[in-house]
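Once you scroll down, you'll see the structures, which are given as structure tokens.
What follows is chain A paired twice: with chain B in the first complex and chain C in the second.
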Partner chain A sequence: MFTNLNLAIYFLYILALVNVVLIAAIYIIKMRNIKKQKIIDYFQQRFQDYLTYLHVNLEGKERLHVPPFKMNRVEQVALQERLNEMIDSFTGGASQKLLDLCEDLGFVHYHLDRLQSRSYRNKVDAAYHLGCMRVKEAVPALLQFLETHKYNSTLFVIARSISRCARDELDVRAMVSILMMHKKEFSDLLADIIKEATVDHAALFGEYLQANDPALVRLGLAGVKEYHDPKVSSVVYGLLDAQDTEIQRLAVRIYLKSAHFLPRNVVNKLIRHERVEIRLLTIQALTEWKHHTYLNEMKEALMDPDRRVMYASAVGLMELGQEGVVVLCGSALEMKGAGRGEAIQGIIEDEIKNLSTKLHDVEHLARYNAILYTYEKTFDENKRIYRIV
Partner chain B sequence: MRIIEYYLQQDSWLNLLREFLLGYGYLAMFYVMAVTVIYFLIFGLSIRHTLPLKRGFQYNSIKKLSGSEHVPPVSLLVPAYNEELTIKENVRSLLALNYPEYEVIVVNDGSQDDTFQVMVKEFQLKKVSSIVSDAIQTSKVRGIYHNPEYPQLYFIDKENGGKADALNAGINLSHYPLISTIDADSLLEKDALTRIARVYMENPKDTVAVGGNVRIVNSCTVEDGIVKHVTFPKKLLPALQNVEYIKAFLGGRIGWSAVNGLIIVSGAFGVFQKEKVIAVGGYRGGYPGEDMNIVIKLHRYCLENKIPYRVAFCPDAVCWTQAPDSYRILSSQRKRWGRGNLKNMVEEGFAMVFRPRYKVFGMLTLPYNILFETLNPYFRISGMLAILAYWMLNMTEWKTIVVFGLVNFLSCFILSLGALYIEETAFSRYPKLSDLNKMLFYSFLMFIGYRQIGVLWRLMGHIDFFRNNNTWGTMVRTNFNK
Partner chain C sequence: MAVFMRDQVVDLNQDLFNFVSFKCVNGLACGVILARCANLNQKVLDSLKNYMSKHQPELSAQYVYDDHNQVLSILLDNWKLSATHYTSLILKDFLQDHHFLEGSIVIASFPESGEPSSFNLSQLVGCVTHPKKESKEIRIFTDQSTGEEIQSILVVDTDEVVREFVRLRLELQGYAVSEAKDGHEALEKYSLMSPDLIITELNLPILDGYQLMNQINKRDSKSGKVIVLTDKHLSSHMNRAFELGAADYITKPFSISELTWRIKKLNA
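Let's turn to the complex of A and B:
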């Protein structure tokens, strides 16, 4: 069999060399990591007093002093990391004093210079730190960097830095419009990033809710999803019939959460909606409301073709107290013999059983009596009814 | 026939054998070259993507994100079969995650031990009547248990139907659009879910699955379900598996995910879009390898329906798992993996391989998997026999065999070193220099016996497949901190 053994031997030498180089590289990296960790550990000791000084003087009016000794680069990085954490943890005057300290330490100037560097690695590192230090003058360069950056994780690092440094809403809008060019649906992440900016978020998200671009509407919805403001409900009301199913789902959810009053026609429309998740959301919202006004709507939902809606409605009716339990037991009796009637009866029985283990609590005791009384009155008319007192 | 007659006429059947062996030699040479090229390509991609990945998790504030109302809610599904020793600690660790909105659904898959009693007693669970979706058919659910004092925790007790069936039951009960599968013998790091959520949030519509990184917990110190002190495994088999996992996860999966060709999201820890999992019919029951099967089905579904998608890998989201520390359990696990792999290729892979409509997955991932994973034992064993024959028929000399053996070893060792390079550059989870020494030593040791026996286990798994032996095999659980 022909084999070019010499060629194989040469190849073997090359492979051996690559192996040796790689082993050396791995050990060098390891030693560097160990050394770095040692310096960080040493930093903890050396800077103990200085960090205590920072914490003690954060509230005062006096400007914070820089450390009274020289630092090497690794120590500077370690101090910067600690300051970044502190800036994130404090607000107002304390945070501003830390930002001023970063400037006095030369960190701001250093990273502004690095942002102009040709090295991509340095630029990203600088962008991150400038964001942590809320350096407003870095915004134009950061926007430029963002515009030319490809779509990957680092894109969001730069975007977050812009948001943190933003001088006004225009900066945030510029950042959003650049990100939107990538045509990916990262509305929740973007809303989280926007909330880092010191601008009026509600106004900004409100504007996006009224935009024509569905991506911006989604961003607006993601931004206001935890708001409990009636103004929000009036803005999202217009989106309840949106064509985009995701927008519609989010709009219904926010509307039900933020509205302080639900018009009956809207409840009727939502409770008969073709999409089961919308019906389920509505019932869950009505359950949280615990309002007798919607008793009939909840009773109607017991007939819903989807068993989850029926179950949610039964739970909601039980939450409504005596009146709800009467309706629930009555409906179960009407449907007796059918699977649905049995299921509702089972839900009531489970609740009675569950409450019977918590009779030491007065609230549970009262609830137990109310449900048991109605249940036995409905299903077992001849049985003598006892109440636990 | 004519060729055979010719050789018979020449009365030289040895020549026929020599010709055959020579032909096989060329085939094997091209096979080895092809596998090496693909290995290096994927490793190259892994190394290339290490720094961008590192930047991603270094600069994106995980601490802030873990308190954000914008991270998506997740349902954690924990299938449990005879997990009485680890289930308490596992569930406690899951309940203590730094994540804003999630639920833990433990599914007792008809355990023979006290898993049910341990769960009910530890968390004071009561049976509730809950209406669950019937999106996926499962074995009979005996009951759903809940305790309002642990509002995030649900416990399903069902008849035995296998891991896939348990996961499907969990999906039916889950309330959130994302599901995460976690093995009951594994521990999630506190921020692992947030780290995976970050990757998902960057492209939520297209991301159908994100896999986490699995590391070996043996010899580590575990307190209250949290890995407090990372130590390199002290026993031989877990140590070998440790370097093997590092190589597979860091050296392989980073690269495969870069080209959207990831074929597996580890069953120990992964996150999926529930809607898509239901669309492909849920997990395939009745056979091991359901974690690979679901990913193949997701690729197929998205590619056939022209849905833009990606299967991502998040190496900084860490799940610690117990590695088998005895020969018997390890062999049983590896046979099961071999059987599952073959089943997946027969069931899904062969229909998709070399078909351009399946893009990278059909043109690169599946050919690689079939030729170099599924058929690997046959090439390896026949290769060994061929070398023996070359020597016996005086077709080669020992020097040639040694040189080619060394070329093979050194080129494979580069891949092990590449994985260690990624580990040290981006993660450095084992802080001591002695840990690196051990990793290097065990990377070397893998080539002496461990890899060879692995081939044998895989072959035995194939034999089990052909004999329709579908048992789960030996699996013994021990406490963490062992």
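Let's turn to the complex of A and C:
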């Protein structure tokens, strides 16, 4: 007869079995790590002098020599890993000397052969190493591999290798167009991959910004979003009216970040934009700049139908110092009775309250006094709300 | 040509000085390798010479063994530091395979490693006969005086490759360099050694680069000079580093020439 007790016993057996399997798996992983560490330690010991030789002679005209002793496959792999790390750490002549050394060591030839292998694992490993070694002649085979590869994380390993090995912009463009065929959203990752190529990134991203394909435009925007060049603002200006809301949001964000001064008509256009997100971004940017030039625009934003914009604008005006606080308090008084005035007054009072807890800092104390003075003057308050201690 | 000497160190110094000076006066570079090894005889020296010639057929060298001090000297004609360094790898491989190596190997190439003065050459010999630490590593001799305001440098980075590279290159230029792999270790070393300059990554465990700079500022009102050498490329990181008192900001991948130029600029 099958009872609940039997079921519990079977369950315990299964649990015990799972535990044994997991312990065995952990043990295997641990053993592998120990073995790997031993190989690394041995490598460090045997190769320390050679690695010192590489470090000391990385710069200079003389070509680096291969180790004067024979290496087994494990040592070659360890040396290759070390060289990969070094190539990524250094620029110019030092990096080029390491690439030449990889060729002299036969690593380039070895991995070019492996790229033609029938084993998928070997091909991916070869693609990665060829990328590390910036092997230009590997690009056609890598592009072919990329084209036939399914959509998963390894796809980007191959793409990165192509970008690192790229002979010119054409190779990068070919890689991008293959990836774009997957029709997935990975603009940021792809922009990061493109930046690994030794081509004019700004020109390439600028070109993508002019493209008709929204995916390419998004890629262009992802590429230029970290630039702080006024030229970028002129390039993305044309996208401020883009139909695609995501593109428009990104374009506005980049435009506001890269521009150091905005024409008044552009500010007015953005501050009155139908999308609240755009209006909010604009106010936040104006707050960051702390330009008195946009005082009127920020005052206007206090009447924005969206409370978030109104709040951001009030905060922005307080950031502008005495002049901004005067405008803010005046606006609050003008709008009193309609609910909005009280809301703005509440924001000012909150700020006064907040600053009153930080009066040990001179900067906060000065700000506190300035806001409080204008507040009392505007609202005709006879007694101070918070006393300076 | 193999020569046996049974004189004191002073003769070894004199012999080296004569050889190096002669080469340098004639506008040629002169590589020197000194190795502490025991039980070398004429037969071994001949086989060493064959071994070296096999690996480097273009090598023109004199092999001298001082059996009193147990120092093997190899004097290389027109051999720059880079080539001398590589030759020392071949030599070490031979000496270790035959169990002759007893201490460290010291290399130099004049005039690259300094003035070929008798003082420098006696210092070079001293590195082998009276080493500061017993090891069988290859050490590079340089004229130690930088003559600059910055003499000691602390390199803080999690990446061993970067730490080792920067240390080696700066040591070659005469700086006293120490390493730390995280912010906490860096702070401890800073308290112990008070280095003139800290070269730090921002991305560090325990205490990050910003916290490290902050702590240093709190401890020392004069604030030790800090150069940031980092993977972080964004201007926001750069601004924050400068706000915390960084003297310079270099992004990776980097060039050692640029780094040394920036250090020299701080010295100016």
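To be clear about the criterion, the second predicted complex is superposed on the first by the 308 of 389 C-alpha atoms of A that agree within 3 Å, B and C clash if a C-alpha of one lies under 4 Å from a C-alpha of the other, contacts with A are read in each partner's own complex, and residues count from 1 in each chain.
Throughout what follows, a contact is a pair of C-beta atoms (placed from the backbone, for glycine too) under 8 Å apart; a residue touches a chain by one contact, two chains touch by 3 or more.
Since the structure is predicted, the reported quantities are computational estimates derived from the model, not experimental observations.
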item	value
Touching partner for A:P67 - first (chain B), second (chain C), both, neither	second
First (chain B), second (chain C), both or neither touched by A:R160	first
Touching partner for A:D88 - first (chain B), second (chain C), both, neither	both
Dominant contact partner of chain A by residue count, chain C or chain B	B
Touching partner for A:K225 - first (chain B), second (chain C), both, neither	first
Chain B versus chain C as contact partner of A:N265, first or second or both or neither	neither
Touched partner set for A:Q45, first chain B, second chain C, both or neither	neither
Chain B/chain C common contact set on chain A	88, 226
In the complex with chain A, residue positions of chain B that touch it	21-22, 25, 51-53, 55-57, 59-61, 63-65, 68-72, 126-131, 133, 198-199, 201-206, 390, 395-396, 399-400, 403-404, 406-407, 410-411, 413-414, 417-418, 420-421, 424-425, 428, 431, 433, 436, 440
Footprint of chain C on chain A - complex, ascending	48-53, 55-60, 62, 65, 67-69, 82, 85-86, 88-95, 226, 228
Partner chain A, residues of chain C touching it in the complex	55, 80-83, 85-86, 88-90, 92-93, 137-138, 140, 159, 161-162, 164-165, 168-169, 172, 233-235, 252-257
Touching residues (chain side chain A, partner chain B) in the complex	1, 3, 5, 8-9, 11-12, 15-16, 18-19, 22-23, 25-27, 29-31, 33-34, 37, 88, 121, 124-125, 128, 152-154, 156-157, 160, 184-186, 188-189, 191-192, 222, 225-226, 307-308, 310-311, 343, 346-347, 350, 354, 357
